[in-house]
Every structure is written in C-alpha cells, then in structure tokens.
C-alpha cells in the first residue's frame, strides 16, 4: 500500500521503519527533518509538509505528542486534511482524546476521507519489535483496509477493533488510568502495612492470595520492590500527559471522577519532585521518602 | 482444649459452633443471652460475664464489632482480662487496629497472659463452612498452641502466621482497603469508557488483557455487570467501619494516604445514599445513577 | 475609537451596546446573526466574518464561551488575526487560559498587532449596568490605549492593570477557584456542625467571629441559608468550565493542586445531579440531600 | 467556688493559675506531679488521683491532650467520675469529640453529676492573659453555675453558650477545620497565580477585593507572605490531631466530607515532611518547595 507517516519520534521512528520493511511504499514527514535520515536511506521518500504527505496516499498515519499537535498537523496551514484524496484513510496512532478526531471527521466526511484512531501499547521496545498492541476505533471496513499496515507494526493477535471512532483512544486512556490508579492505591497500602510492622514479602503474599490481587502487584511493582528501580520506560511527563487526557475525557463524558483526578495530582506531585524524565513508579517513592521507608524485598 | 468465646453474632455464632463440633470444651458469652441458645443445646456452657468466660480457660476468643467493644470486654468492669489465668491466651478475631491490643498487652504481660490477633476473611458463609482465611499476629509459640482451635474454624492451608502482635489486624485491613480502592478506581474507568461510547464487554476484555488487570475486574465486579447485584454479604456500614479503621491505622503509622481517605468518603457517600445494609458494590451505582448509565453486560 | 466586537451573547450583547452608547464607532459579528439585531438598529455595522470585523479597527474585542472558540475565531479560516492591521489591538475579554493568547501572540507580534487579555467579573447585571470589574493583562501602553473603551463597560475604579499578557486570565480564574473552594469547604463544615446538633445561626456566628471568617460565609451563602435559593446567575455548566480552566492552568503552571482538582469534581457531580442550568450554590445541596438536612436559618 | 483541675500542660497550667488568682479554692492533679509545683507554691492543693481531685469539689475541669486521655481520666481506675459528689459539674475544656462526653454522661446522670464541654480558642498566650474564647455546650443552668470560673480564664464577651452537650466541642472543631481548609485552598491559588506570572501583591489585592476574600488571606497568611514565618503557635502534630477529630466527627455525624478528609491528609503530609513541631502554615511550604517558588511580598 501507499503509506504516509507523520511523526518520527522514539515511537513513530521504529513503527515507520517496520512499515517500510514490510514492503509498503512510504512517504514520511516530521518537523525535525533529520529524524527521517535513516528512513530515507532505507528507501522512504520525504514530504515537505503534512499536506504533501497526504498526496496520492492510501493511508496516512500520524504519531504525535499531543492532541494539539494532531489538530495543527491536520487542520493547520498546509495541513494533512487538504492533501488527502477521496478514499484515503487517516489513521491517528497518537494517544489522544476523541474530541480532535470529531473535529477532523466533520470536515473529512464531505471529502470522503475515512478517519480511524489506533493508539498503541507496548512502549519503544514494542515499536522496534513490531509487537505493539493496537486498539482500533472506526468503521469495520476501514479497519479491514488498514489492517495489513497495522500488522507491520503490531502483534496480529493483539490488534483489536474495539469500536467506532474514538473507541481506540478511549480504551488506551482507560487502561493507563486504571494502572495509575492501581499504583497509587497499592503504594499507600504497602507503605501503611510496612510502617505498621508487617513484613513486606508476607504482606504482598497475603494481598496476592486475596480478592485484592492485581497484575500490578504481582508483576509490575517488582522492579521497585526487588531492585529499587522506578523504571523510566514511561516517563512522568508522559504519564502526566496521559492522565490529563484521561481526566479531560471524563469531563467530556460527563463523569465526575474524584479518584482519577486525585491520581493525576499525585503523579504531578511526583513530576514536580523528581523531574519530567523520572520513571512512572516514582509516586511510590513519594511515600517512601515521606516516611523514610524503603519498600524492598530481601534479595535472595 | 478449654476454650472461651465472646461475641456470638453472624460470624462468632457459626465459628464457635465449629469449635464445639471439633470436640473442644466450650464456654460462651454474649450481651444478648439468646444468641447462645443453639450452642448451649449442643453442649456449650454459659458464662455470665467476660470475666467468668475467662475462668479456667486455655484460650478465649473474642469476635466483636468494633475496637471499642473489644476494649470494653477486656478492660471494663468484670472484664475478660481479670478472668484469665497465667498461661492463658486471648485471641482477638475481630477486625480491629493494633492500638487496642497494645493497651491490653501492657496489662496482660505482667499477668503472663498471651495476646494474639487473628482476624478472618471469608464472610458468614466461610464461618459456617469452617473454611475461613485467618491472619495471625503474635508470638510463634502462641500461634502453635492455638492452631488446633483455629483449624476448627478455618481452612488449614489458609491459616497464616503473618507476624508479631498486630500484624493480623494490619494485613486484614490492608486487604480490604486495597479491594475498596480497586472498586472505586474501576468504577470510574468503566463508567467513563462506556459513556465515551465503548462497549462494556470490549472495554473489560481489553483491561483484562492489559497490565491493569485485577482480580476485582475479572471476578468480583461480575455480580454487578452480569446481574445488577450489588451484593450484600458485606454491608456498607461494615465496609465503612473497616475503611475507617484502615485510615486510622494510616494515621497511627504516620503515612499520609490521600487515595485511601478519599475512598472512605466515597463509601460513606454510598452509605448515606443507599443505607447501612446496602451491598459493598454500591459505590459503583453512585456513578451509574449520576450518569444514567447501567454497567451491564449483555446476557447470553 | 473604531471598535470591533465578536461574541454578542448575554455578556457580549450588553457590553457592546455600552460601547456604542459611549460614542465609539462599532462593527459587530456573531455566529448567530440575529444576535446583532438590536445593535444594528442602534447604529452598529455588521461584519460577515471575524476577518472582516478586524478591517480598519483600532480595537477588536472578543467575548466567547471557551478557549477553543477564541482559537477558532482568531486563527481559523477568515480569522480575525488576518483582518487586523498593524497597530491594532486585540482584546480578549473571554474567561480563558494564557495558552491561547500565547499562540496568537506568536503570530501577532510580527504583524505589529497588540494582544491584551481583559476578563471580567460582575455577571450579566454588571454587563448591562456598565459596572463590570475588569482584570487587564498586557503591556502598559496597550492598556492605556484601550482604557477608554474599557471604561464604557466597567466601573473605572475597578478596571485594574494586573500584569503582563495572561495575568488578567489568571487573576480571574484564581478568584473563581478560591470562591468555589470556600463554598465546598464551608458546605462540609456547616453540614457536619448542624448534623452534630449545633444550631445553624450559632455555628455561623461563631465561625464569623473566628479566624475562619470569609466573605462567602458572611454574604454569599445567605441566599441558601435564608431562602433556599441556590442562585443561578452563574450556572453549573459555566462554573464547571471555569474550574476546568483553572485546573488546566495549574497543570500548565506545574503546580499539583489536589484541593482544586477535588473541588472541580464536586462541581461536576452537582452538575450531573442538578443539570447544566442549576445555580452555583448547588454543591451545598449535594450534602443537604445526602444527609436529609436543610441548612436554613429561621425566618424573622 | 471549690474547683478541681486536671491537666496542667501549657494550656492547663496558666488556666488553673488564673482560677487560683481569681480567688477560687483549687485542687490540682497531673500525671507529671512536677507540673503542679508553681500552683502549689501559690496556694493550690495537690490530689493524688483523678478520683481524689473530685472529692468535695463544686466544679472539676479537665484539660487533656486527646479523647482517650479524657476517657481514661474519667472512667479508668481511680477515675474522676467515681470521685464526684451529686451536684458537682465536670467541665471538659479539652478539644475532643462529643462521643466521650456521651459515654460519661450515661454514667454521670444517675449520680446527679452534671457534664459540660467548654473547649477554648486563643492558644497559650490567651491562656496566660485570661482572654480565651470559650465555647460552652451543656444545660443553661450548668452554664450559669460555672460561668464565674470560666470568667477567670476567658474574655467575658467571648464566653458563649453555644448549645447542648457536645456543641462546644463541635463548634471548636468546625472553626479549626474551616480555617485549615481555607489555608489549603488559598495555598494552591496563590502558588498557581504566582507560577503563572502574576505579582503576588497584585494577586492578593484582587482576591481581597473579590467575593473570595477571607480573614485568612487578609491577616493570618501574612506571617508567611511578609516574613517567611510558618508560625508554630499551633504545631503540626496538634493541627493533625484536631483535623483527625473533625473528620471523626464527620463520620459520627454521617456526613461524607471529601474536602475535609483531603485537607487532613495534606496536613499529615506536611507533618511527615517538616516534623511534629513545625508550624500550622507549613502546608503552604509544601507547594513552595515542590515548585521552587517563595510566596513573599516585597519588603517595604
């Protein structure tokens, strides 16, 4: 297929490389032209603007930092929407909220341009390996058309058509929101238990054997508990961005969401304390530092 | 063994019946004498006060509604502590905080009375079946001495010695606290997702396949999602009591716990809205009612 | 002066009428052309687009519902920015966040168009009376140039130059945020006190004589306490919008703001419960309804 | 009058000295006998236990750190209640919750002992000066009988009979709770405003001229803003204790109180960060430290 790709960052770079490697014809664009060097060497073509990127393409993918960037790339001057021909599909793989896609769709419909949202899970490692999980929102026919391109980037068994337009964005944000909520609640429970004198390993064992068990407690928290590693595959600046979008989505959906709003603030406190680049586990350390308690399992 | 039992409610009643059935010699007491009728008919003896209950007993168990009741039964007039002989063990199976046991221990030590906390999970059904999970806090030797009595009430594989005095209380409260936190966070995520247009079954499937998976989402929430049953094996009044104790424990442990404090208030809102006897799942309904959204999976 | 005005709603309508009445030359625009009928009859001219509104004007004022509307009117197709001549001043009197103005300024600077933010307090009544309070952010020279126009709309003694660009937006949002916070905290205190058995008048008297006294408790809450009137001069939909902008501003400023985030959710709960058009005092009623307690002073 | 006084700390010490100086006959008790030295030298008599303190007294006052201490002194071994004769009045001037007094009253009634709660505002300075504000809860006749003793400790114009038993406790706790709430909300608003670029003096001026004005912003916050003095007349440990009691009272009153519960946690965070003895303004510094922003007015 003739594919365009805009946004060649630490996710978009390896994703577009995988598209090229799968044999698709690829045109790329980024505000930082140097980000495209490797791709051009590998056979991709350069487009000077979002609009140019759309010209003659079957599918154009965007992978951008924020909804504002998406809006600017689509609707701004020399924007992508003006470059797409009738029958083309715009696939937004950014983590975003349905609101932007709705604005684009209002203009895309009359031009017979299809719109699909397809955000991903799996971090940079998954992007490189081509094993991303992908949540697709849009019409079933559009999903079928673009699936070959998605399969170049993701694990076929984990590319899911989750609903109509916007459903992909929503599913992605809700997964992250719930995970962050698990982290915040678990951090309090572990710290209280240990400060009250219970052995951390025993406490965790009892929790895992109880109805309060979770994936987070069983697996993800281990980097902290075993190695004091607060991770940084998902930096606090990014976590705060996603939490902000999730709380924005709750606003738009008309759902008062006290716990989610509080979890966002806790993450923003961690970011203020430990910096933008700190790992996504650092809200746990907020409590460790305040109470002078290291949540560490004994090493074997 | 010569066992005493104080507190013959919907938990203590079947628990003491199982002790009797296991062949132990049993003396019982309750503020409501009629609660003992069945036990007396089955061979237990009656004691007129907590103090009398302790006379000549190897082990005396209390199963009482609140820490205040525990303090009154132990330390009040004609209290249990005055009735226990040197070498006896007091086992508190109530859900409580370490603070009360510490006050009792300060007085029990010089009298050579041992103190153990052993709160339970498993509800009235587990109490009847003798399959409770039991978290024991206290000295290892005391734990060994009373284990035969505990095995009359609980599943041998799930009777755990979790640490020193107070550790049992703490583990029990932390399990409940984390479960309530999972409920509150999950309720928001499901409601936002559905209100934003995602199919509930698909949303749940994606969450369960993600790092945000939990026992709560996989199993416990199903009573609501499949049958609109907010359960009532664990009434809101009791849930609020336990949350209050957990937040009190965080205070005593010196751990600021924003999420836990908020979850307590959400449960107290549900209690004010739906009454003391409503089920422990009703905080989910707060959001359903506010947003006119029923979180129901299609019936098969 | 030659003035343009975009946004002729329940605030912008009377504000522009006062500008006309003060003798300025006025061109107006609104997405709903009929909103301009009265103004045209009184001598204003009509412009067919934001761009046209800017043509040949010294000052153009926008008074729009949300930052998005401001961005669209300024930067969209046939946008105002393209219509303004060098030397003109754009004055945004909308309640907004500094972010939009910063985007506009980046483009306005090279064109020698000045940007000023000047949001208002005082509701529709103040708009009609020409007695608004106005918080002006921008360069001092620009403030001096537009002050005659502002004096047509506001109380001269309460038109304040509060700082550089964005300062007006910020001051306006912080005033509202603190007032909403006072409401939420006071509602809890009054409800707890009355439910604990204290006479409402005595409780209020003691609070007013204490360091916890506030304008809100002394004056604004009286509509509820004396008449059960939850007011509606500032509807819940609008209050939620302003709270959302204030929390967004906290995000942009890098300040974790737990209390503010919670207050926003409480307002959003009131909105879900009582509707968009309900009055700004209704979060008080959430607690009254939950506890079956009317917070009413005896009538004299 | 024949007066007894139990609890000779930094409040109770000067309060009892003022009673003695006013010419009343005084018997005192404290767990630390040395705390009575000055009083005994000035003519007071010593009692060896709470019970002895009550013997032959018309009025016995308690001024103790926590509700638990009050319960122990009244109801414990050699407790005050056993020492009071029919017709005597027990006046609890501690900051406490109605719950303890209710337990005492249930036993005091049959003995014809009257119970009054009379907590104070005004700190150690007010205690020394005899200018405390006193909130009295109890029967009107009892209030009249003890008023001469209260006038030895407080400003006659600020000794208020605020309602039946428990009303004094409630009013005192609600005043503190609202003040702490004002502090937490104001800290966020000032920090966001300053971080967003507004001059602190201008921001405060606008807030004070708005409906969001408060005593806290006008007067109490000045120690921080003018001198960077977080005060310490009301240490964080004490503030946390009072907030805990206020939240407990909300529980007992059946009022969900999200804002209050959050404010308690913020204070507990400040205590964990800055220590038990830090001043009551330190939650402001939490935000200053996190954002590297000193909220200081220019010195004149």
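We call the chains A, B, C and D, going by the order they appear; numbering starts again at 1 in every chain.
Methods note: a contact is a pair of C-beta atoms (placed from the backbone, for glycine too) under 8 Å apart; a residue touches a chain by one contact, two chains touch by 3 or more.
These numbers come from a predicted model, not from an experiment.
Looking at C-D and B-C, the interface holding more C-beta pairs in contact is that of C-D. In this assembly, the chain whose C-alpha centre lies farthest from chain D is A. Computed centre separation for the pair chain B/chain C is 51 angstrom, with centres defined by C-alpha atoms. Here the spacing of chain A and chain C, counted between their Cα centres, is 35 Å.
Averaging Cα coordinates per chain places chain C and chain D 40 Å apart. The residues of chain C that reach two or more other chains are 254-258, 262, 266, 269, 272, 290-291, listed in rising order.
Of all residues in chain A, only 240, 244, 251, 254-258, 261-262, 264-266, 268-269, 271-272 touch chain C in the complex they form. Here chain B touches chain C in the complex through residues 258, 262, 269, 272-273, 290-291, going by the rule given at the top. Chain B meets chain A in the complex at residues 98, 121, 133, 135, 158, 160, 162-164, 166-167, 170-171, 174-179, 181-182, 184-186, 188-189, 191-193, 195-199, 202-203, 206-207, 209-216, 219-220, 246, 249-250, 252-260, 262-263, 266, 287, 290-291.
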